[in-house]
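So, here's a batch of structures to check.
Paired with chain B in one complex and with chain C in the other, chain A is shared by the two complexes that follow.
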Partner chain A sequence: MAVMARGPSDTRFIVAAAVTAVGFLAVPFIIVRAPIESVMGPIQKIFYFHVPTAWMLMVSTLVAGGASLRYLFRGTPGSDRVALASAELGILFGICALVSGPLWGKVAWGKYWTWDARQTSTLLLWMLLLAYMLARTYGGPAARKLAAALALFSAANVPLVYYSVRVWRTLHPDSSVVPTLDPRMRPALYLSTLFFLTLWGVLLAYRLRLERVRAALAELEIAVEDAEEAV
Partner chain B sequence: MTRLIRLLSTRIAPPLVALLCALPVWAQEYEPVTEASQPKTDPSPFVIGAYGFIWVAVLVYVVVVARGLGRANREIEELRRRVDAASRSA
Partner chain C sequence: MADEPEVATTPLLAEPVRPAFFTQVLTIVRKDLRIEWRNREIAYTTLFMSGLIVLIFAFAFITESTNPGPGATAGILWVAALFAGTVALGRTFDRERENESIRSLLLAPIPRPAIYLGKVLATAFLMVLVELVVTLLVGFLFDARIETYPFRLCLMLFLGTVGFAAVGVVFSAALLRARSRDTLLASLLYPVVIPVFLAGAKGTGQLLDPLTPDLGGVVFWTQFLAAADVIFLAVGLWAFEPVVTGE
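== the complex of A and B ==
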């Protein structure tokens, strides 16, 4: 099988996985070495991985929405596979953001969850991705277009999540906190974001590989059944 | 009908109007976080817990995908054996 053979794509994948492993070891040290924020204290360090995971949720949703749009108009199975893999990563990074945020909130606000506009809209976005996965898992091939429409709806929800802190009065810090960050804190955030972006790319490639193997398996099953019927 | 209108206007409408008037007040209520009310909690378990959760979630995801890949590859091998057997019997 072509998908099982080793080739240049495997080499790229191994290099990217190695970079991710190095990041896994390096990023915590960089975060620990970043200065302690004067008001919130050490709990602010959650920021360095809570923000990138939330961004990866948004990136995943936008990629899933874009791929679904392509699938709806052109019907390319590859776009559908990208949408599925990306939506799955959105659920993964979404749960990371939804868990790390309240842990910060418990120390900073005294409460894990306040039904703040950013928290609530992020939870809704995450639940939309979950609805997409449920439609894909239990709806069968007929539900693929319905799921694609759900992914589009999720992608349209991303600006709402991003601007929720500006539209409504919330406890959650504004999105503009990043440009106003102390210059000594920026390397930790930027490196952490770069690392999470690499991790996202590696996981997407890995998940797409599984989908390609499954597609090849489905084709092979049909070919085998045809061959056995002919015999 | 007149009794119903009288009932609505005297018994139901006044408390309903009072409730609706009170709603914006509830919506504006919030619990201000002052320095004194901020809990003096040790943040280390929260920071380590958040970072640990992310890594456990990613590792679990990688294991689930790896198992799916292994299962699909085994099924492909099984199908190949069936194809070989079918071609030999033919």
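== the complex of A and C ==
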């Protein structure tokens, strides 16, 4: 079957999954070897997990928005599947960011949640993706188009939400933290981000395959029903 | 035989002259406002609901002799506007669903963007009228300095309302045939319009400060609202047609 030609059995996916697995085995050693931050000490190393997961949430929102734009105007089912898979991954990585952030905040700031602008904006983005899933599940006959419109608004909202960091009082570092980062810390951050990105890609590919197989199965079921009625 | 009367002939197959785009937009606005003027259902119900929300917050926040600060007063005003606007949006499109008049609207030779803009402007106009009354109520109950910068206050309310309506019209139209539209509309709408709500509440709070109103901050939040309106209207103009016509 054509739908089964691309998927986890494909060499590319196996290689990507293997690279991701190796990366996740190697990155902790790289993080341990990164210099210890002078103020927060070893606790700061959660940064190498927290920041990439927050970036993956942002990437997921933008990909879902772009795919939704394509779906709204081309009607291609593939774009709709990409939007759905990206939204689900955004929720997953958002949970990681919203759990790791407060854990770090409790040690660094003394409170789990301070209504800091970046914390709040991350929560807001995450809730937009949750709203997308609500729209998909309960949106009625136009659920896919409704969810696509919501994803489009969410993607357009990203700069509005991000820009608020520049204005609101915030305990977070300045939004442009990477340029001011100690150069010895950058390799760990970049490698961690790279392997989270490959993990995101591998999970997206597997999730897309699941949706393609579901769509093919639905078509087969309709064909069987039609054949039974014809008989 | 008497001469047959001269019959004026018209070119039956002449090309129809379509009204200009904004004329069509205003036609939609006039239609909605005329329907509303005939029974004033949305205006009365949303006004009453806004008043109740303001009272509920008053019971929650007012202590023996102190009013809530300008920030909390502004928040109460915008929360009342948010909830009332949601009710207005839902009811506006309920009217279209009754007797399937939405089908007539979509069959009319009017571009979908014109329908969208007309709905946004009509909804925003109704909401602003209600908000003006609620603002007077808030000024009266909480002794808020609404008379100090009335133009800036009205501008912020208008811009925030347009942004809210720009998103709300798209979602209301898409949820027209959904069973859980009443609960879903708020769940989908509020996360998207939170930046608009925050900008409006913060800017209004700075404006109502009796001692040191931060006019620089007010200018910033007004510009933020204007930018958000442009973004949301652009996205809404793109997204309205696919969601209202497709399944």
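The criterion applied here is as follows: the second predicted complex is superposed on the first by the 221 of 231 C-alpha atoms of A that agree within 3 Å, B and C clash if a C-alpha of one lies under 4 Å from a C-alpha of the other, contacts with A are read in each partner's own complex, and residues count from 1 in each chain.
The rule is simple: contacts are C-beta pairs under 8 Å (C-beta built on N, C-alpha and C of every residue); 3 or more make two chains touch, one makes a residue touch a chain.
In this text the structure is predicted, and so the values were computed from the model without any measurement.
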Residue contacts with chain A in the superposition, chain B compared against chain C: B
Chain B versus chain C as contact partner of A:141, first or second or both or neither: second
Chain B versus chain C as contact partner of A:127, first or second or both or neither: second
Which superposed partner A:24 touches (first chain B, second chain C, both, neither): first
Partner chain in contact with A:154 - chain B first, chain C second, else both or neither: second
First (chain B), second (chain C), both or neither touched by A:96: first
Which superposed partner A:70 touches (first chain B, second chain C, both, neither): neither
Residues on chain A lying within both footprints (that of chain B and that of chain C): none
Complex contacts: residues of chain C adjacent to chain A: 167, 170-171, 174-181, 184, 187-188, 191-192, 194-195, 198, 220, 224, 227-228, 231-232, 234-235, 238-239, 242-243, 246-247
Residues of chain B defined as touching chain A within the complex: 33, 37-39, 41, 43-44, 46-47, 49-51, 53-55, 57-58, 61-62, 65, 68-69, 72-73, 75-76, 79, 82-83, 86-87, 89-90
Of all residues in chain A, those that touch chain C in their complex: 69, 72-73, 75, 124, 127-128, 130-131, 134-135, 138-143, 145-146, 148-150, 152-154, 156-157, 160-161, 163-164, 167
Residues on chain A engaged by chain B in the complex (per definition of touch): 1, 4, 24, 28, 41-43, 45-46, 49-50, 53, 92, 95-96, 99-100, 103-104, 106-110, 171, 199, 203, 206-207, 209-210, 213-214, 216-217, 220-221, 223-224, 227-228, 231
